Amino acid sequence: MDTDTLIQTETLIKVPFHDVDSMGVAWHGHYAKYLEVARCEFLDEVGYNYDAMEQSGYMWPIIDMQIKYVKPLRFDQVVRVVTQLAEWEYRLKLKYVIYDQTTGERLCKAHTSQVAVDGKTGEMCFQSPQILIERLGKH
Amino acid sequence: MDTDTLIQTETLIKVPFHDVDSMGVAWHGHYAKYLEVARCEFLDEVGYNYDAMEQSGYMWPIIDMQIKYVKPLRFDQVVRVVTQLAEWEYRLKLKYVIYDQTTGERLCKAHTSQVAVDGKTGEMCFQSPQILIERLGKH
Amino acid sequence: MDTDTLIQTETLIKVPFHDVDSMGVAWHGHYAKYLEVARCEFLDEVGYNYDAMEQSGYMWPIIDMQIKYVKPLRFDQVVRVVTQLAEWEYRLKLKYVIYDQTTGERLCKAHTSQVAVDGKTGEMCFQSPQILIERLGKH
Amino acid sequence: MDTDTLIQTETLIKVPFHDVDSMGVAWHGHYAKYLEVARCEFLDEVGYNYDAMEQSGYMWPIIDMQIKYVKPLRFDQVVRVVTQLAEWEYRLKLKYVIYDQTTGERLCKAHTSQVAVDGKTGEMCFQSPQILIERLGKH
């Protein structure tokens, strides 16, 4: 797989009222939901979504999440989450950047890492299983 | 079981920052969480909590929830949820009243109804299974 | 305004992974979010959304919510929320029905009621302010 | 202030049913709530909680959050969040470790960083305002 042609997806999200806190901005913890919606679209795109993961006999729990908040998000704001593959050999690491859909301004940077866990033994895999590599390779 | 001696539990909850919306009050949808925490304490008390439900072979999905909002809840406010058994023969209906812990003012009234679903067949039970009646009767 | 031509909007929602509980179905409390997203689209349509409410000098807190759960919602399921005006003279009452977008099966029925509160005095209005009637009348 | 005597608080949290996902573990995004509850107790302890922040004329938005998930959290599990001051001169950085309350096993490591924003100008402060230093110093 050529790192020059990294898989990338884009997801639009409209900030709902119930995500906005008493400071008038999206509460920082809700971003994990935006990242997950974006991640699910990314995984749909590569043909290895949560259902496919389960069928392949692996769970992929999040083991690390980091979010850097650059500018606040507000009620009804439409944002674009750009999701990009960062690592895949030992874990699945995705990078995200959130932009304002209208102005293009960068609002947030984040990444998440997931590892494969064998569904039968419950043991963590030290290398990503072949199925992930195959699905990513098809892209 | 004598309706004069209805089972009742009390649960204290402190409104967290992330439940408060841009109007400065707890967002109305979060009350479902407060009711659930109170319901779990009630079910612990009668010896038929979510784990015991699962072991007994039944699931108890919520089929109806109604919440009447009397006064707003605010950040850091400590409230007392009083949970009371309302019906049990055909479904498990609980009534809740939320009070301010300091002033005793009534802030909210609610109820939830759950029915037993057979874990094997997935079919709804038209009468509450014997285990619920037993556990409630012991009280 | 003629009740025969009640205003109605439709909103599509895809159930996200983080709304699904350990029973494998959307947790009942999350429906309040689906109703709010649908309500915001309804209010956008009539030209009296949350921003317009604030500018008009009124807040419109939810005072009553009832949800009847007919069939469970599952991860990735696309549902259609049909929102309809039910009352407006003394309070704004909306009715919602949630359908499976593919099969058309009815999954949930709900309603919410909101009353106008004067932003300056903080007092509840016993009749809906003229601005709501006007906006609804234009429809 | 002597870094050898770093301020530390402990917060007990019981994982509620509505935080558990379809894998049977607390969904990773909910940890932001646990950290916030712990952070609020820490800030209460140092005498500079969210209300005091507002009165002092500063907002303290989260600009960075990182969570490392070591072991899953399960329904009804009681966990202890240990919160410790890490930096204060230019930003308020707190470190958190989550332990199982019964076994003492370490389940999660995290940190959050907040910066002061002037409530009037909306501008970020490049140094922490004097009030934070004073409150921390009293400890």
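Going in written order, the chains are labelled A, B, C and D, and every chain counts its residues from 1.
The rule is simple: contacts are C-beta pairs under 8 Å (C-beta built on N, C-alpha and C of every residue); 3 or more make two chains touch, one makes a residue touch a chain.
What you see is a predicted model, and the numbers here were worked out from it, not measured in a lab.
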item: Repeat of the A-C interface, chosen from C-D, B-D or A-D (over half of contact pairs identical by residue number); value: B-D
item: Farthest chain relative to chain B (centres taken as mean CA coordinates); value: A
item: Interface with more contacting C-beta pairs, comparing B-D to A-B; value: B-D
item: Distance from the mean Cα position of chain B to that of chain A, given in whole angstrom; value: 35
item: Between chain B and chain C, centroid-to-centroid distance (C-alpha), Å; value: 24
item: Separation of mean Cα positions, chain D and chain B [Å, integer]; value: 30
item: Junction residues of chain A, two or more chains touched; value: 17-18, 29, 32-33, 36, 75
item: Of chain A, residues touching chain D in the complex; value: 23, 25, 28-30, 32-33, 36, 59, 61-69, 72
item: Touching residues (chain side chain B, partner chain D) in the complex; value: 16-18, 32-33, 36-37, 40, 49-51, 75-76
item: Complex contact set, residues of chain D against chain C; value: 17-18, 20-22, 24, 27, 29, 75
